[in-house]
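Can you keep this structure in mind? I'll have questions shortly.
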């Protein structure tokens, strides 16, 4: 089986999927797994409520079931990590990553405390609740909502850049050694933020992508090793 | 600058370095960063005490200083993560990973609770203390010392395999969704343990390696992006 | 509006609904709210997996929407509390209770630490995870799976009683001041367990029922007070 | 035995007892337990210091001893919960509720995080310390002292209402999903606060009252069940 | 004022006071504060229940009030620390130490995790609850009840020694770097336990005594310094 | 062996050592241990970075090895507690105290929550991280950097006093019951701060000094006791 990572956008917004695809570009390497993106057609335009998070689980599970024979690792690319536990429960042994969980994992391997930029206050509250529930509360130094919509981030970089840098610097002043950009549409700003704020900046799609890539490579290597043993 | 990850073995045991190098093989891809291994000549044979952990910091810092101009990301490949905070403090912005911190990060992106296999009880105690201090205490489900030396792991796979599988199954029964092999010399057993125990098994050198590889690729992509912008 | 509490069984098993109805009997008082039970027809026979928990959210929400004009407080009567956050988010101000959350709340108002009896190990793990995530980890003294199915609990009380009492006593020896019977079908055993084990025993359906009853009575009193004010 | 809940005011202020009695009105239902109020004659006018909290324990214990033969459940109606542990230790099996502990329990069954309004800063500090000690620290979103005395709350509703609503809104902005009115004399303001602030508001006397009512009803039902069995 | 530490035994057992006095012997130095012991005549024979803990607060407060003009620091010598918060609240600025709180403080300045030997299980539970409430839960490695009464400890050292050493070794095996002898009558065994178990052993009366001695010396030095300044 | 406590200044600044020596004056008592101060000649001028903390461990260990035959207890007098774990690991049974760890222990035996004054923000961050890692996070009420250098503290008391009092009062307003002066050069201000702020003020050198003094006295008493037994 050719090595493959499949990153699923659980909302049906293809523009969002394009942004996800672009963010993954640095992780596509010759000799490495294919890193594909799929859009969940049955999903809503955007996932903002708990009701929507529950709604996408069933179609997401069916998509994973359909693709799993030819995929080494999956990424669920919505910051609410919908269906993550359902997928791990239903498919033991299959590597499945959620971008929120992965973003915090990667941040904690870069520094002591992290800061988070979300889009709006309601998202911030939901994500902070998850972080507290997952035991990461004391590691979250500061967080702030940008108030910038995905549309604005795409259409007006010149206007958005200074605002994001200003927030990033406030998070650093509040104790963050690492920043997580916890909202869609911020991937193109990662490198700039890192340079301007002087700390590592973690993009959740890239975080999950590198972990999935690692899992896929290890799975492929294990298959080769087993194949070699069988041949002996 | 060609992309490069440098993995440093802070003890002077070249056999240990060879094992580290082998563990990193799946992460070397044609289109990806070079993944090199260096041995700290000034280091002791093995690092077991707090005194030794402190001792290697100064030579480790000098090696990083010497290599940093041509390296995108460093990994400190000793499970006590010696010098990790000193390096981050001295070289802001430089990606430095410790294999203990990275192993837990990657484990937490694979499942809810993890188990740990260490070599001896004194190591177990030291690592459990770090996990509690880092806020991961509730996420550590179970841990056990194998009593298997690096020499035995290298020389007697047939004898070591059943013992490690037995411990792994006990950790799973104790609530672990993921297992970390927290001791040198266990890398060749990772895939087997994963197959026999039915849960993901994380090798710390590979965990830090994939995170460093991701950081190196993102740094390279940022350099290209900046170069393209300058050319405009 | 006549005062009313509606307790929803999100699985479609009417025998389970009958048990829930019986458990609520002590909370039906002549001068108090009606305490009704509804069965979610679209639900599966039983809810055991995360996938099923997500699946019932949409039909549950539609049922609450349909009933809310004539209901003062809702109870979701499945120990996984499916849809609890979705309902609170969608219907701000509407009192909605989950039996798991309510069982722990009531237990914590009876003593210092509680013990939990669940049906099977997988349930135990899921509930213990929720308790840790909710900050109740240190208050959970001990837990155990009974291995008794809902069918057995209904059909063979003489056989089940000694087993449950034995487990209850073990939980008390393990530090529990209060016991929660965290599985369907155990309501008829509550009073006996309390007598034999010497500590308070909390039935989740009854816990949520008494909280919902209180919320409904306060809502009715507030309506009367506002009505009286308007009449002045 | 007729069902009965006895709510004890451990201070000797009969005006305070009257307020407690009024707050309990919605919980008196035909077919339900009597909900009586007793005043501890030996108690001080008010309980503000740790010395006073200790002082009332002995007379409180004697009152419970005297009343227990004809009472199903007790409530200690002072927000410092004096004598709660002593009573549970001395009378195993007897349901005893403290209004502070009960208020937090009920709040946690209504939402994710709660806010607290106390009278003065010294009370706030003492209650926050208890919440941290009980493991509820992360669930307490915000708290504030009103500076309103019991006398003012009773005599000047027109002046107190806007101030309490202003504080309540600040607590909600600070992350509270539920508000606890943690001071005597605030019961008459509960419904208004709930309406103006848009979140559930928990009155501690009512919280303990509904839990005690539930415990009393379950005890009565258990007696009936045992009586019916004996008659067989 | 001559420097003085007053250690109060809140129970009326003079044999217990004699033991306390003996334990303090190493802290009496020619050039240091007097270290006196007082017995609370109004106290019960022994303090085992929450009711008794509350009961001694009032007479304890009166004794402190009577002695404070001629005392630099007080110690409350009962492992339940009765009246500690009441005394600090009533006498701001006056150094008051509780032997339980002090024993944990001193233990945490000697090693990473501590073990506790108490007399009986009910004491163990009460003390473990306090440790969890005070945030020391993760630092408590192990604890055990000796089952040895104060009378037995006094009368039969030959029989008690091996049992205490056996328990101490179990605590060390369970992860304790330091042991606290959390019960009256164990002071004469401290040095032996330390020698046999190989870890520091903390006697609570001595722990509080050395802290009180330090506070008294600093207060005396401050008085001298102020007196010298005034004389200038 | 004459009783002796040795306090080691791990930096080579003799002025700093003189200040340490002065701070220990109240703990030198006739009949008590000698309290000596040594300066680590190989140490840097000041210890501000993790690299420097690691650097001093080896020479510190050699000094302890050289002095241990004639010393009952050691104190490491740098607020980063360099080498504390290494020394305890290398010399089991030898009492070694770190001034940071000791300052928090003593503070927690004086009140519920403490505040910390450090010199600069980077120190503040490092110490807060240690406190969180050690489980003391919830007990730290507030902290602030004074911005006052050791030179300024020594040369300009009239200017420094009001600034320190102002910070101390802010910490008390922020919930601190006790204040720790977590930086060198502040010892001469302790008594004044205590008087002006109305709460206990803990100097770390004095805190460790009194604990070391207690350990030394107990060791001496144990030697006498063993000597007396041998003589029988």
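Every chain is named by a letter (A, B, C, D, E and F) in the order it is written, and numbering of its residues begins at 1.
Everything below uses one rule, namely that contacts are C-beta pairs under 8 Å (C-beta built on N, C-alpha and C of every residue); 3 or more make two chains touch, one makes a residue touch a chain.
From a predicted model like this one, the values you see are computed outputs, not experimental measurements.
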Shared chain contacts [chain B and chain E, defined touch]: C, F
Chain labels contacting chain C and also chain E: B, D
Copy-to-copy rotation for chain E and chain F - C-alpha atoms, rounded to a multiple of 5°: 180
Same or different residue numbers at the chain D/chain E copy interface, by half rule: same
Euclidean distance of C-alpha centroids - chain A vs chain E, Å: 53
Whole-Å gap separating chain B and chain F, where each centre is the average of the chain's CA atoms: 35
Residue list for chain B, restricted to those that touch at least two other chains: 132, 135, 138
Pairwise touch network: line, ring, star, complete, or other: other
Set of all touching chain pairs, with the criterion as stated earlier: A-B, A-C, A-D, A-F, B-C, B-E, B-F, C-D, C-E, D-E, D-F, E-F
Contact footprint of chain B on chain E as seen in their complex: 112, 138, 175
Residues on chain C engaged by chain D in the complex (per definition of touch): 25-27, 29-32, 88, 92-93, 95, 97, 101-102, 104-106, 108-111, 135-136, 138-139, 177, 190-191, 194-195, 198-200, 206-211, 213-215, 217-218, 220-222, 225-226
Contact set on chain E toward chain C in their complex: 125, 129, 132, 137
Chain E partner contacts - residues on chain D that touch it in the complex: 49-51, 53-55, 57-58, 61, 83, 85-86, 89-90, 132-135
